[in-house]
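For reference, the structures are reproduced in the following blocks.
Presented sequentially are two complexes of chain A, the first with chain B as partner and the second with chain C.
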Partner chain A sequence: MDYQKHMELTPIKRFLGLTKHPYFGFVVIGLFLALGQVLGQFGVIGTSLVRSFGYTSIYMIVGLGFALLLGYAGLASLGTAGFVGLGTYIMGYLAKTHDLPLILVMMVGIIIAILVGLIVGFISLRIEGMYLAIVTLGLSEIFNEVFKNAYSITNGTNGLSIFGVGASREIAYYTAIGLLILMMIVTFNVMKSPTGRAMLAMKNSDSAAQAMGVSILKYRLLAFIFATVYAVIAGVLYINYAKFTIPTTWSLAYSLNILAAVIVGGSSTIFGIFLGTFLIFGLNLGILQQFEFFATNGAYSVIFNGALIIIVIMFYPGGLSKLVLTLSHKIKKAFKKYKEKWLAYKYGED
Partner chain B sequence: MEKIDQIKRQQLIKQLDQIKGNLEFYQMNLPIQKAYLTSKKDQKIERLTFKKDQKLLKHYIRSGKLEGYPATLYQSKIDKINQSYDLKIRALKQRLKRKEKPLADAYQDLESIELKRKHALKKLAEVFEKTSPDRKSSLNIIEKAEEKLHSKVEKIEKSLLIRIEKLDKNTQDKIASLEASYQTHHNTLNTLKETDALENALNKTSILRLEHVSMQFGGLKAVNDLSFDVKEGEIFGLIGPNGAGKTTLFNCITRFYRATEGNIYYRNHYDQVISLNDYQVHRIIHEGIVRTFQNVELIFELSVLDNLLVGAHKNYQTGFFSHMANTKRLRAEEKVQKQKALDILSFLELTPYMHMYPLGLPYGILKKVELARTLMSHPKLIILDEPAAGLNDHETEQLKETIKKIRDTYQTTIFLVEHDMGLVMDICDTVCAISFGKMLAIGTPQEIQQNKLVREAYLGGEADV
Partner chain C sequence: MFNPNNFFTFHIILIVLTLISYFVLTRLLIKDRNYLRAHKDKIMNLHLIGAFFLMTLWMFISMTPQIFIQILLNNVVNVAVLALATTGIVLIFKTSITTNFAQGMIATVGAFMSARIITSLGDPNNLDIGVFLLAILGGVITSFIIGLLVDVFILRKSKYITSIGKQMITMGLVLVLMGAMPLFFNVINSPIPRLDFDIARFNFLGMALTMSMHAIYTLIITVFVLALLFIALNFTKWGLGVRATASNEIVASMMGVNTKMITAMSWAIAGGLGAIAAILYTPGQGIVSVGLMVPIQVNGFMASILGGFSTFTGPLIGAIMIPWLSALFSYYNSLWQGVIVYTLILLIVLVKPLGLFGKKIAKKV
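Let's turn to the complex of A and B:
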């Protein structure tokens, strides 16, 4: 019996052992975001900051799906905005005309998303890389034109508002956070599972993946379905929270921002996606928009994103999550080294 | 009619594959699960005993029954105090060395430290002595606690036994039912076999047969009307000068290319002859054919162990939804596959590289990892595309042994393309030489060495000299 081991296992250490559970971090992120709304209700932080938290965490759901598509399956897509927009209009239309509850709308949204994902997935079998990105961009633009012109459903360029329908803003916020936690856990599971490995195999080498029994057709479709379902769910949550949607939001700039968020943060870990979305969207919505200059000249905030992408791609191709990881590793190493030095100084060498 | 039979057969084989996968999972899962449960139980009992000892330490001392674990616990407490004062003395010595302190002061300090140590030790002892040293009641308390622990341990052991029994029974039941359904499926497959036209396409001793296979890229015939047999359990070498069409032929067999003409027959796990032309590229591995590549095609974003798990992709019986929810079954499957990967890694002496990423590892190791990956899927036929390319002489020697070892332990057939004549002549049972897509000769290594056509192809004809 190992007494030393049991003697060292103090309650604090047992708790620290619990923090090593992979889901712990996701729950902490979720609680931290929920705290934002609580603080906002008590007036500690401003409403606009709380809203930026809300929007950013909804965008993070899009980022999660996109990271799986880009970082794992290796498929580039610029059509994200179209799918998110689709989600907002599905919810907007159904909530306004039929007054359906959120859960039912989500079901309908997921079914439509699967269909759209299948279509894009089949397209992706024929074309790859840049060309696929352009095809998805075209698809997104088609969606956008439909949003602008199908006046009877979408209310055209004036935007569709559903004020007074559905849950209150607070409830919508907490719903979004709850779903975000769930999505983080699911995405993490998929990334670590045989499916995630198969997707990585497909990204690294088509032929090796096929020789190992990975069906390219199946996993490409799966990746696209995953991304579109996440995007549509995020869209539903967005209009549920914002109560308003307008076609100009779902333009190329939005897709590029999602791409930037995933690249800047690093697509291989959930933490990286969190970091990326909060840098790209949170920085803009939460901090830059507070200044009058950026609020009136919205285009200037894009400069920050551009500079960030350049810096990250040039110096840290693995994304900021990798940077944080290496930094923390280095700090730990340095700390250990100095501790050893200090001990040798104090007690002499053995 | 024949087409329907074909489809029926393919489906049956698919079902058999599933049953076989499940069977393997249950068989391998049982010992792993048992070991896990037992270790968990041991940990729990250890923790309980430790808690009891810590709680009753003073009673143990008072009753004079300080032996076994409580004694070590007491000793470790004393050691801890001693250690901390020893460190203080060491620090003092160090300060003396650095001349930060005059000698007289140091003596004083040393004395005070020793005094403090004595005091602390005395205090530790006093804790147990100060309160009334009622030996009898202490003994009573200890006895009660030990009894309680004993009953608890018994309970835990009992519940473990019940759990293991249940697991055993469940697994046995499942294995029995799976085996029964395996039998019935296999029987139906065998009845289909009798009417099967393909059955006579392949000799009983052969595993693979190429029949007039041609592959044409535009005007170029890379493979031109090749036919030969690969016997079961042999190491078959394919040689030929650069551009002879060796890799093209491999790609035809593994369905990366569709042969423009000809048939490829293969005998699968269930002793069924199939025509590979009916299969898609990712289904080939399910039939037991697995390949390596000329340029190492590993997944550089995954560790060596995970690369092996990619090779086990077809062994997973769980679907996408259980991957999303990370179900118990998936976790058990992952454990089983990991165990298998560890076995293979130790078989090929790759264990030290287990958690490393392929990027930056020596080329010889990467080739070995690729070989290890092929073994994850219970192959019947392993196709090696230039296994010795880029290896030095020493590594090539090792590779020869490895290939033979794999053939003998895993009961597979090996079909390889190689430029290293030493390797081919040493290990192959049959060698086939081709040039410009056409067959030159086939036979034992000695026959090939003496063949005139082969010499001409490699060294040039007499007219060229």
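Let's turn to the complex of A and C:
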């Protein structure tokens, strides 16, 4: 747009133009989540709800990396929990012993994550499909055993706590939200870039992608590096917010929940991942617990969550984002139809 | 007499040597020689078996034979349970092409059911064998029916979903069952006693060995059930149907195989196998708990990829190897045995991506 023309626009029109920008939605999500903490501080909403927002937005970062891996590169992994746990312990150890600032810890974490991602990526060159999922599950189990047994670093099965070290909970919350927005923008750009397209080609057919000149080696390694880096960053943010980590959190169930979040939401769009993570992690903590029925009978909320996953996958394999898309499409179509009818009624058949 | 450091150095050297010799074999020796290339798989298998044999031999020598055999005997229950659970997983993988995460939970429901029968019909500390058999039967039938219902109402309706989607459905089932179990059963106190509290003592080649009677009964039940299953798979119409469905479901249904029935029965039988495993495993843990079968299930997956999903005997051998190896390693180092065994499995799978006994299926482009 021409600068002169831009200045002539009224502020409202300029704002409306802004809403069409692809990053606008991400910022809105971020502001909405940040509002949660603000409201929590003024006592409008309960602390547990704010906590659930915080954890869910941290888990969403894991989901974003995982969506690149599963939805774009087509590689199934069950090792997510191990990688996130790795992040928490890197931060826990470094913050406790050396009192490093968050940004330095994150740098160290990213370097380690890249190394781990390279290793897993090389494994993925030889092993595919279900086998890869189980091999990464084994890798995650190895990580978990290390968390349990390397007592001098991880404090074993008692869990590692860093209370009183680093930022306060509020600051940690805002940091997590800020990084979430950043990660959403990065992920969006990766999805729309040649890298994302190459990964999609690889997902649909290895051989066809290779024939088109897509290097399988490069993009598989890249996909796993993305997933591990996102997971480690989320792990660092997790312990920065929760101030505590314990090996039992980083078990198979966590990896499965992330997988479920990405599948239920739909892995192709960021909005879908947002929906999925909040459905899997946030629904129980945030909404169901507010009802008296679910709060007193915890078992029912677990059943509800499980049934929801089954129903969504059975009837909407593309995920919730696709469902929303189809619904909005249908509504638009119906709206158009009735508008035409209204016009026909108003001005006659011609 | 025994030096742990020495032991671990030997193993590390052995693994490194195996990897180097594998590399030399594939890249330098076999590559340009046609007569060797024709037998590549056999040579690789011999190579792996040789390395494994050396490892076991070293263990056998460095512990005394008595301790070695005693450790093997102590872990018979774990081997039997894992063998049953793994067979269930493979059966479902073959017919539905998905890894069933709910296998353990379905089995646990069966174990809860039999614990309820035991507590309501008799005294857990002094149990009549008839009640026990009834309890086992009740547990197995419960899991059998749950497996059947899962297939008929959920998996049958979602035939055209990707295998990862099916995986997620089974994970949703895990959540549903996990939530439902405390509503129907007593999760705090559901004991299943041992089949027999006695311990058998016997002499073997001058070595005094002991084995619990529970382990002996477990072994007998497992061998009987698995033998029955393998006979059914190889010699009955159902077994033929399973094998046909496993190789290609669409073609099998065209050829008149009732694939719906085959898949449903596979889910049901897998549930029953899991229930037997859970019931036999519980006495070692004390009571039935919701997370009872989770470690068994993870090991079952590892055993399946170690042996390769393409055969039934391969995963079984994997299931025998994993508990025994981790028990043997835990004699030297009771903290890191899990890491060692999982790393070994990962290395083996990296060398042979389709498992020890996997067959390569040519992929159409």
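Going forward, the second predicted complex is superposed on the first by the 316 of 350 C-alpha atoms of A that agree within 3 Å, B and C clash if a C-alpha of one lies under 4 Å from a C-alpha of the other, contacts with A are read in each partner's own complex, and residues count from 1 in each chain.
Basically, a contact is a pair of C-beta atoms (placed from the backbone, for glycine too) under 8 Å apart; a residue touches a chain by one contact, two chains touch by 3 or more.
It should be emphasised that the depicted structure is a prediction, and the values quoted were computed from it without experimental measurement.
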Quick one: is A:R197 in contact with chain B, with chain C, with both, or with neither? Answer first, second, both or neither.
first
Tell me the contact category for A:I216 with respect to chain B and chain C: first, second, both or neither.
first
Contacts of A:V186 with chain B and chain C, given as first, second, both or neither:
first
In the superposed arrangement, which partner chain does A:L39 touch: chain B (first), chain C (second), both, or neither?
neither
Could you look at A:S207 and tell me whether it touches chain B, chain C, both or neither (first, second, both, neither)?
both
Which partner does A:K346 reach: the first (chain B), the second (chain C), both, or neither?
first
Taking the superposition on A as described, I'd like to know which of chain B and chain C A:L100 touches: first, second, both or neither.
neither
Just to be sure I read the superposition right, which of the two partners does A:I153 touch: chain B = first, chain C = second, or both, or neither?
neither
On chain A, the footprints of chain B and chain C overlap at residues 205, 207-208
Listed in rising order, chain B residues that touch chain A in their complex are 46-47, 49-50, 69, 72-73, 76, 87, 90-91, 93-94, 97, 254, 256, 280-286, 290-291, 293, 297-302, 306, 309-311, 313-314, 316, 318, 320, 323-326, 330, 334, 373, 377
What does chain A use to touch chain B in their complex?
1-4, 6-7, 186, 189-190, 192-198, 200-201, 203-205, 207-216, 222, 268, 345-348
Using the touch definition from the top, list the residues of chain A that touch chain C in their complex.
70, 76, 123, 126-131, 133-135, 137-139, 141-142, 145-146, 149, 205, 207-208, 251-252, 256, 259-260, 263-264, 299-310, 313-314, 317
Where on chain C is chain A touching in the complex?
93, 98-99, 101, 154, 157-158, 160-165, 167-169, 171-180, 182-183, 294, 298, 301-302, 304-305, 309, 335-336, 338-339, 342-343, 345-346, 349-350, 353-355, 365
